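Shared between the two complexes below is chain A, which pairs with chain B and chain C, respectively.
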Partner chain A sequence: MMRFAKRRRVNLTAWAIVVLIAAALFAAVSAGLTRAPFWTGWLLIGTVVFLSLYSQRKRVSMLPIGRAAVWLQLHAYTGAFAIVVFVAHTGFSLPDAPLEWLLWLSFVGTAGSGLAGLYWSRTLPPRLAATDEELLYERIPMFSERLRRRAEQLVIAAATQTDSVLLGDHYRTHLAELFMAPHWRWRHLGPTHYVTRQRDRLIALERYLSEDEKPFARELADLCRQKSDLDMHYTVQGLLKAWLFVHVPLTAAMLLLALLHLVAAHAFGGT
Partner chain B sequence: MTERLQGFDYRSSPYHRPNQKWVCGRLADGECCLSGPDPKGRCGAGPQCAPARDGDRWRCTRGPLHGGPCDAGPQSDGSCGCITPPCRPRRSWRYRRKLVVRSTIAATLGLIILGVAGIWAGDMVQPGHLSAVHSTVADCSACHNAPGDSASGWLAAAFGQHPEFPSDTRHACLNCHDVGDAPLSPHSLATLPAVDDQQSGSLGPWPVELNRALFTTPSAPIACGSCHEEHKGVDADLRDVADSQCQVCHSQRFVSFNSGHPDFTDYPYDRRTRIVFDHASHLGKHFSDEAEQAPSSCSDCHTTAADGRTMEVRDFDQSCGACHAGDIAGDALAGPKGVAGLSVPGLDLTLVENIGQWPEFADGDLTPMTELLLSGDPAYADIRDTLADVDLLDLESASAEARAAASELAWQFKALVHAIQSDGSQALVTRLEAAMGRTLSADEQRRLTGLLPATLVDAAQTRWFPMLDTEIEARASGSAPATEALRPPSDDDAADDEGGDAVDDDEFDALFSDDGDEGFGDLFAEDSGDDGGDLFGGDIFGGGDDIGDPFADPEPEDSEPEVVTKSDEERMALGGWYLDEFHLRYRPAGHADPVLRSWTELATRQQGMEDWLDPRTPGACTQCHSLDVDASGATTAQWQGKRVAPTEHHFTEFDHSTHFSLLGDAGCETCHQIDNEAPYADSFDDRDPHNFASNFAPLNKAVCLDCHQPDQAGADCSLCHRYHVGDFEATMPRTTLAGQH
Partner chain C sequence: MGERDVQRVLSMEPFASMDPSRFRPPITLEGIVRNDTRLRRLTRGEIVVRAGDYGNSAFLIVQGRVRVILPPGLPEESLGRASPRQKNWLQALAQLWKNPGHPEVRDVSRYVSEPEKTPPSPARLIVRDAQGQMLQEQILTSAGHEGIRIGRGADNDLILDDSAASSSHARLQATELGWEIIDLGSSNGTFVSGERIEHHILGGGDEIRIGRSHLRFVGEGDLDQTSMLSTRILNPSAVDAEWGNTVIEDAAQAGAGHTFVQDIPAVLDHTQSAVLKTGDVFGEIAALGRTQRTATVFAEEDSILLEIRWQGLRDLRKRDAAFRKHVEDLYRANSLITHLRATPLFSHLPDDVIDEIARQTLFESFGEFDWHTSYQRLADQPEAQRLKIEPEIVRAGDYPDGLLLIRSGFARVTRPLHKGQQTINYLGRGAAFGLDELLAGWNGEGQSTYRCSLRAVGYADILRVPTRVIETHVLPNLTEAQLERARQMQAETLKDSLATYRPGGNATPTNALDVRPSGDDDALVETLVDRHLINGRAAMLINLDRCVRCDACTDACAVGHQNNPRFNRHGHRHDSLMIANACMHCADPVCMIGCPTGAIHRSSEQGQVVINDDTCIGCATCANSCPYDNIRMVEIRNNSGEFVQNNATGSPVMKATKCDLCIDQPGGPACQRACPHDALERVDMRDLPNLLDWLHR
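Presenting the complex of A and B:
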């Protein structure tokens, strides 16, 4: 098994060579009287069609057409190559007409979301793995509900066994909203692991609690941290799924618009 | 130690069908059922088991994933006692994404259909706004071979042939733009000029070299769009062409003007000057000798053209006239100053029979103009051939056939004079048209006849052939009169002359002017007793002898009037026809005389008129105006210095006016340095304009390179070179006038 760093170095080198060759060919075609946009246009649409095959690859997993990981690598590097071809095709300039704008925006949106997805899929999973346990996204609401019940049972038990409502009031005032449901919080995407404010408050509250209440408070603080991890999973996994809601539809739109562009370019490109 | 939230054993990890369309609606509450919704999204909740009958009892069969047999057990009727309450199933993430994709596709298709089906279809698919110069073009099909408003038509045009747009309309740019006879050929030329195929040792820019290695050299037709890219915005420059687009075809390889461009070998002197003017001799000698009249700077003789591109020679009066105006008038000539138009040929009257009267002292040759007029008669060709090597003044050794031809020549000349006298200028026109084989325009008629006065022809006839009418009639009746040498009238004859008609006055004025020819003296000298005195004194103005000279100062009656007599030649100093003994001469009316110019042009096209083009002939047009022979053999007189018409497009063009402010004290000599050793005059020994030696040394490329660097004044090919070469102008608008179809 090729180590990751070496694999990345090899892939980047291969990608750079392909880009250099393409750039040289583009310069050569542009140097002549051949109409370079037709060449780059066909190359671009071919590249985009190949990129779109990645999603189809998942549906025909029974066919021996390479591992999904290899396809993903091809998809990422080909996508980066498509961006280079796109820049060459558009001539480093902004569009100046409706269809061109739509096509430009769809490509930029697709490429941008793809780059963002690539970045997130490389940087966020380690953060997920750093938590105590890995959670299935679909079950997060269920786990959230389970945590809420545990927290409420804990608060009731504290009130019953210590005859103090201090912890209960604190839960009702500051923690109930936290345990209410999974929360999408942008701060979970930040560079450092977010520690809930509520947990800090519980630690600060501890000085006012009786010795009987303190074990309940510590257990409640652990539940807060667990809920924070759960929210982080919810946010990060949600983002890892959500970017595809931009990337895939825009790809479909781009292919349709590119088809119209192709027809128009050949219909009107003869003079 | 916190309790783990997720277990992966089969009891605590039920499958929630995330890859299916629908998931349980209570998944978010942690209470989802195991059955889940069906593929259509209907809730599958209900009994958690199907109780089994065990004897007379019902037994719970709930599975371990549901917690095993329930405490309540089945109902008495055998139904399950644990009913999972129904939920509203929710769409899975996967299904939601699919819906978003489908919605996007539908929206995009709708947008496309809305766009291409509407009247704005063309605007929808256009790749960008047109440049400002084409901003009025509203219909796509004006330039493209596809309809702008029909998406189905686009498909046909893109991948086949649209029936309404045959292939020969693909280059619609040419409907409005004229770029020469072969617009789609390289450089708009049907045939490229021969160039030195020897390639330079250097290479061009690497993209160009790579292009040449990968692709074949572009060949016709080269579409306009190869270089001119439209739809690049209002401010786009359609003529912006990259150097590489030029270099990809050219075998002479180099990187740029400042790197590898060949030195100028003959630029800009690719042919001799049209006006024969030796700069070296004028600057080195003549201007020193005539310092007062010499120009003080180049701009005294040269000026920029209206477009500022080329330098032109100022007109004759401004440039050459100060010294050479008299040359046109013939002031310095010792002989006659006018060009002989019609001349009585000298004949050996002792051996030419039956030609009637013929001036004994006529000794001239047939002038080119006379020959051309005679050649209007088909019979003249035979005569000319017969008399080709015959001396008409000495027919002693000539054959009888030649003598007969000389006789016929005499009669043809008389017939010519008779025709001109009878029909006037129309006879000249008729003869010229017959000789030239084409009809003359009204302007040509005026120019070529020089508006020859009828009275002058009358005078010539009276002097040359006094009995012309009688002789013509006699010959026509078959009895040609015998040859009779006609001598000028004696002094007595002249004294008897009453001076009753203008013709006689002209005749005597011309014949017996102050040159004292043949000792006859001047009939109108002081002692002649003629009151008329000169042309203006006789009956030419109808006033009779007693009128006297209307322009002369009044003289006392008792004193002898002093008559100052000038020859006709002198009196016609401002130009026009005059009678000089046996010649009707034309004196040019200064420079660019239309008559001499027209006859010179005619001489370049008409055989047998080579003598007219001799630089030593009076008028001497070709002394300064060079004669060029082109590839077809046609001769052209160059009446003007170099002029570049706005319609002319050359490979290399230079805008003089934009460079003037850059010149230092050296001025024009910064670029144009005289080569005193060049055999400039020899360039005009023949009529090949490209066989020449320039007065100037070739331009030095280094002078241009002082400024023309990529980061300074630019070094693009298109800065100095044009692609479309030829003579063409913008296509005129097709305006249909009211009532015309």
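Presenting the complex of A and C:
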């Protein structure tokens, strides 16, 4: 079984060779009388069409046409190749017409979202795996509601059993919003200071609590941690799904614009 | 079983020859017969065991005759199994638009006609007087809702000239379960096989007493007309019913499906078979070793069989020397020599030496055969407690008194580490243990002792070839090359062990046990053994460090199964590894034990454990037996999306469902192929290096 590191080296080497061959061909074509942008344009649209096949592959998972993982590798490296071809095609220059601007932006958006998606796909799953619970995205609101009820029952129990409202006040002031619903928080993509802050507050509060109240405070702190994990799953899993809602429509728009661009280039671009 | 039947069984061979004093309370011989056996009535053509089923009981022919179909046996379809045909590309693609919109839709027209619509077969009622003289014979047909009225009055269909009978005494009614006799509030009562009844489904040969008249019920159902795949209720049969009314099918099977050989003469013409008659015992080797049945057996005529479950067999074998010898001789004659020949150390030996080794080999069983019933309780025990419960086969430091061959089950290899035991490997069927130590002793390399302990995980059947036999018959006859190969045998065993595993590198068997524990992998192997996950041949492992939770695996599975995913992306976790709730297609598939119709079976093609939906009767035996919760019971719908109901009870019709490894799809398991991030793999857990290689990619 080939290790990922070795596979990466092999794939990068193959990719570099293909890029070098393409660059050599591009140089040869540019040196001749043929207009290079026509060739790079056709190459670019070909690679983009090939890239778009990947989403079709996902739909026909029942056919034995290679593992999706192999297709994703092809998709990623072909995408990187498309960026090189795109640069060659545009010649580092910005567009000068509305259609070209739209096409340029859709390509950059597609490539950018693809790179971001790839980065998140490789870096975010370990964050999910680090939590105690494996959560299904669709069930997160249900779990969140369950946690909110548990937290509120805990605070009410603390108030009735200890005859103190301090924990209840703290919950209303600082924690009620946390437990209200699943929250999409960008901070979960970075270090999770938020939950630490909430727990620190509860620990700080302990000095004012009676011995009877302290177990309630500790359990509440544990619920804070669970809710933070829940929000982190909500954010990270949501992001891992959401980026495709940018990438796929942009690809479709880019293909449509590329077709228009192709027709316009051949109709008005001369020979 | 009733008292009368228990006493009758005890008076039969081999029980009559057994010494009851060898059976000490609480396990008495009578108790074994009472609790671990049952009488089964079989009608002509009914299949007793199917080749390929997992054995958990043996049979003694009490009355009648059965046929053993010798290999290659009957086609799978005849046994109530139907491995789905693999779809071609177009059919596979068409699933995208042909899959139904509702979950768990079945084409119910595929199922044979509803049993409740099938009238019982015609039968006869023979009336005798108190002296046994035949007075009249009545043919029973299912015509009419009133049934057949019996009594002294002139308005009855069957008039008894018997002053002890009431004028309207009883009625015979055709029901979907067969012929039922109903007492109509008679003064002196209606008796079937000596017991007073209010209503009773009659079996062939039942003796009915009304007043002083004796009526004998004789079924005449033409079983050969029964569909081979039907799941109808058995009709009564015409066996000689000297046996009491405890001649029954199992409670779980009463009303359950049975499979019949349809055209018996044709089967006998086209297959090789052997006859077993009254007094013969069959099925004990498969039952004691929980191995697959090697042949199909069916009743050639209406018969009564005593089914002895494995617990009873085990106790009989333990306490009765003759029975033990009988079973061991059978195993030696039929299986052991094949097993020894397949063992590399013995493969070169001449026949007479193999025979001698077979004669000297000892059989040992460790652990609980039905480990799956206590699986959850044991899995939650602390490790030290678990190890105490696991029976020790050999202990590190003991004198090596033999070469141990694992015949069935699993064993864990542990070595002492500080105050505890570290699991360094697990062994399954066919593995050998202890050769290294035997070689060291034979070569005079000092006092040799076992370096590792061996414990049964769940249960393990061991063949112990005594050291003396190895030193006398095996080691002296080895050439240098064979000796070198033998030396490497233990290393080959350890090749798969954690002790020698190096990510991406070759195993280094030499001094394998001297290496230090490797941290995370240690804990993983302990978990796999503790949770008995080593049983999996195609366990679904998900690397949570790579899984983006896109559910491409679930979606792909659903497309291949009519929009019903056959696994849960959830399950036991160990660090970032998840063993998902998907059928593992186990090496020891305990789910197959007790399936009354053989619907769950191992595919003859690649060994997948699959369920034949047509013959599954929804009894949930498999789902309850699976210790990993990987089989789900579902309520099925028809093509209109309506739940299918049992017409008799009104309850929803259930079916067992599970992963079938996409047996009918052109590309194999869709879940694995659909994962874009190399996060999901179907792994044979017996291949530890492959598993660790995958984890450490």
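Following the convention adopted for this analysis, the second predicted complex is superposed on the first by the 265 of 271 C-alpha atoms of A that agree within 3 Å, B and C clash if a C-alpha of one lies under 4 Å from a C-alpha of the other, contacts with A are read in each partner's own complex, and residues count from 1 in each chain.
Keep this in mind: contacts are C-beta pairs under 8 Å (C-beta built on N, C-alpha and C of every residue); 3 or more make two chains touch, one makes a residue touch a chain.
Since this is a predicted model, take the numbers as computed values, not measurements.
Peer 1: Look at where chain B and chain C land on chain A after superposing the complexes, then choose clash or fit.
Peer 2: Aligned through their shared chain, the two binders fit side by side on chain A.
Peer 1: Mind working out whether A:200 is in touch with chain B, chain C, both or neither, as first, second, both or neither?
Peer 2: neither
Peer 1: Contacts for A:263 in the overlay, against chain B (first) and chain C (second): which applies, first, second, both or neither?
Peer 2: So A:263 only meets chain B here.
Peer 1: May I ask you to decide whether A:125 touches chain B, chain C, both, or neither, giving the answer as first, second, both or neither?
Peer 2: Touch status of A:125: second partner only.
Peer 1: Please work out whether A:136 is in contact with chain B alone, chain C alone, both, or neither, and reply first, second, both or neither.
Peer 2: Both partners, chain B and chain C.
Peer 1: So in the superposed three-chain picture, is A:3 touching just chain B, just chain C, both, or none of them (first/second/both/neither)?
Peer 2: In the superposed model, A:3 contacts chain C only, not chain B.
Peer 1: When the shared chain A is used to line up the two structures, what angle, as a multiple of 10 degrees, is there at the CA centre of chain A toward chain B and chain C?
Peer 2: Approximately 130 degrees at the chain A centre.
Peer 1: Determine, under the contact definition given at the top, whether A:212 touches first (chain B), second (chain C), both, or neither.
Peer 2: A:212 sits against neither chain B nor chain C.
Peer 1: For A:64, using the defined touch cut-off, is the partner it touches chain B, chain C, both, or neither? Pick first, second, both or neither.
Peer 2: It touches chain C, and chain B stays clear.
Peer 1: Kindly classify A:72 by the partners it touches after superposition: chain B alone (first), chain C alone (second), both, or neither?
Peer 2: second
Peer 1: Looking only at contacts as defined up top, I'd like to know whether chain B or chain C touches more of chain A.
Peer 2: B
Peer 1: For A:169, is the partner it touches chain B (first), chain C (second), both, or none of the two (neither)?
Peer 2: neither
Peer 1: For the overlay built on chain A, what is the smallest gap between any CA atom of chain B and any CA atom of chain C, in Å?
Peer 2: Nearest C-alpha pair, chain B versus chain C: 5 Å apart.
Peer 1: Per the definitions at the top, what is the overlap between the chain A residues touching chain B and those touching chain C?
Peer 2: Shared contact residues on chain A (touching chain B in one complex, chain C in the other): 134, 136-137, 241.
Peer 1: Across the complex, what residues on chain A touch chain C?
Peer 2: 1-4, 58-69, 71-72, 121, 124-126, 128-129, 134, 136-137, 237, 240-241
Peer 1: Please give the residue numbers of chain C that touch chain A in the complex, ascending.
Peer 2: Of all residues in chain C, those touching chain A are 89, 92-93, 95-96, 504, 544-550, 552, 555-556, 559-560, 569-570, 573, 575-576, 578, 665-668, 670, 672-679, 690, 693-694, 696-697.
Peer 1: Once bound in the complex, which stretches of chain B touch chain A?
Peer 2: Listed in rising order, the residues are 2-6, 16, 18, 23, 27-30, 32, 92-93, 96-97, 100-101, 103-105, 107-109, 111-112, 115-116, 123-129, 140, 143-146, 151, 153-155, 157-159, 170-173, 205-208, 210-211, 214-215, 218, 222-227, 231-233, 242, 244-245, 247-249.
Peer 1: Please output the residues of chain A touching chain B within their complex, sorted ascending.
Peer 2: Listed in rising order, the residues are 24-25, 27-35, 93, 95-100, 102, 132-139, 141-147, 150, 181, 222-223, 225-226, 230, 241, 244-245, 248-250, 252-253, 256-257, 260-271.
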